[in-house]
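Each of the next two complexes has chain A plus one other chain: chain B in the first, chain C in the second.
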Partner chain A sequence: MMNLIPGVDATASALNAENIRMDVVAENIANAYTTHGADGQPYQRKVVSFEAMLDPAGTGQTTVQVSQVATDNTPGETIYDPSNPDANKEGMVKMPNVNLSTEMVDLMTSSRAYEANLAVIRNARQMAAKALTIGH
Partner chain B sequence: MLPIGSVDLSSLIGNPERLSAAGTAGAGATGTNAAGAEADGFVSQALASAAGVASSAAAAANASAPAIAGVSPTAGSTIAASDASSGSFSQVLQNAVQEVNGKMQAADVAKTNLLTGETSNVHQAMIAVQEANVAFSLMVEVRNKLVDSYQELMRMQV
Partner chain C sequence: MIESLFSDPNYAASKVLLDATAERHEALASNIANLETPGYKRVDLSSSFTEAFAAQVKSGQIDNIPQPTIEQDPNAGTSRQDGNNVQLDKELMAMSSNSLQYDTLTEFVSGSLKQLQMAITGKTS
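Moving on, here comes the complex of A and B:
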């Protein structure tokens, strides 16, 4: 298989990984006020971790993949809201441990990383196209 | 995102300098790119014309060989020997064109999967389209060189 665009497999895997990270950030923001999950507990935010791996397609490139989506177990804050159905006898409600500022920073980081990988693809493609003009 | 890809592809395929003869066929293939059979037909048509050029170039070379046989009789035999060991030139060319065709079909599949909602990875479809794009322009460059060499032979004084 000819590989005409340099580094395309590594970049594609990075775009995939950033997609998953974006998904997880979206989940966290969507559940920022979810006080009742499937286990009856408030939502715990999730974090992704990436790991390097050798390209399974055999191109020899080191690609990236999401190694795990782990749960952040730090406790969320407890607020006083007796009208909430999830409030205990004292009227206190356990909130998710999602901090919107942190999630927005994660979102920006992920978005910029995605852009960086797109720039790599664009430049690699331009290099290949320029190389084809040799001899013109 | 797809308009960008098709604009790129059509601007490349429709480039009149690069594709004088196959220009119209290329534009037709771009328009109906979603139909794999049509794109397939175009590539095999390009293959046929390229192979035809190659064989006629080879025929011209053979025809001119007797005229200069006295000059270098060994050159022809060494070329023939290397051809036999690594497959004929037209075979190599055919494999390359088939690979380009495969890339175009892969790009088609990626586009179809994206549009039918089977995958949601925009970037994978775009990368497949760009790979097919670059592979196609490489094939066009090779074809141009072949046509150039054929015309160079045709210009030879006899």
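Moving on, here comes the complex of A and C:
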């Protein structure tokens, strides 16, 4: 079946996926200085990966979904800060592996992709509105 | 008059093209949605449809054009490092020209129907 607004399923799934990605980036930035997580270890940044899938609604469109939110296991840097409660005997503290510039770039890419998808919806809406004027 | 409007090749062609542009918009929406999906390959209207359509327009005989379908675009440029070959700028350009085409087609279909109405009622509106 054809939608009144063409392509809306693929776009909606992409908006949703970008939302999840922004959530994860927000989590990473929020925890950029968390040296003590639930497991006693510094926070490890999370990364989102996307995968394409055929629309389950049977429209034939290729939609997007978040395949997994994985943890980036590269070790963070160790800094000298003896006043930190998480410092070891030598006064060194293991920091999270969050790099603020990387996260900001991710955030911007994500919001640009979000905007691109909104442009698609806007265009589709115009087309549908135009189709309704046939004969008028 | 009614017969001649509905069998007019231009009218028949614009009806098919309206379907095709709506279908193409779905393809472009999929491409933009999958802008960052690793390994995704861009899709577009199938070449079998565009070729059949172009051939029939050339001959002026618009009948039994295949249904517009979407398939992977074999002419898409080189892919990025993650195996994805969608370029956002190109997709957005294609999308604006596609919706402009849709607008033009609706104007044409609308105009044809209005002409018919004018012929029936003798009034201009």
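The rule is short, and it goes like this: the second predicted complex is superposed on the first by the 134 of 136 C-alpha atoms of A that agree within 3 Å, B and C clash if a C-alpha of one lies under 4 Å from a C-alpha of the other, contacts with A are read in each partner's own complex, and residues count from 1 in each chain.
By definition in this document, a residue touches a chain if its C-beta (ideal position, glycine included) is under 8 Å from a C-beta of that chain, and two chains touch if they have at least 3 such contacts.
Being a predicted model, the structure only gives us computed values, none of them experimental.
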Chain B and chain C placed together on chain A: clash or fit? fit
For A:61, using the defined touch cut-off, is the partner it touches chain B, chain C, both, or neither? Pick first, second, both or neither. second
- Using the touch definition from the top, say if A:8 reaches chain B (first), chain C (second), both or neither. both
I'd like to know which partner A:83 touches here: chain B for first, chain C for second, both or neither. neither
Chosen between chain B and chain C, the partner touching more chain A residues is C
| request: Quick one: classify A:101 as touching chain B (first), chain C (second), both or neither. | output: neither
- prompt: Is A:50 in contact with chain B, with chain C, with both, or with neither (first, second, both, neither)?
  reply: second
Value for angle(chain B, chain A, chain C) over C-alpha centres, in degrees, nearest 10, is 40
Once the shared chain is lined up, is A:73 touching chain B (first), chain C (second), both, or neither of them?
neither
Would you check which partner chain A:19 touches, where first means chain B only, second means chain C only, and both and neither mean what they say? first
Shortest distance over all C-alpha pairs of chain B and chain C after overlay on A, integer Å, is 8
Interface residues of chain A shared by chain B and chain C, listed 2, 8, 11, 135
Per the touch rule, the chain A residues reaching chain C in their complex are 2, 6-8, 10-11, 13-14, 49-52, 59-64, 109, 112-113, 116-117, 119-120, 123-124, 126-127, 130-131, 133-136
So, in the complex, the side of chain B touching chain A is made of residues 96, 99, 121, 123-124, 127, 130-131, 133-135, 137-138, 141, 145
Note: in the complex, chain A contacts chain B through residues 1-2, 4-5, 8, 11-12, 15-16, 19, 118, 121, 125, 128-129, 132, 135
As the complex stands, chain C meets chain A at residues 18, 21-23, 25-30, 32-40, 43, 70, 88, 91-92, 95-96, 99, 102-103, 106, 109-110, 113-114
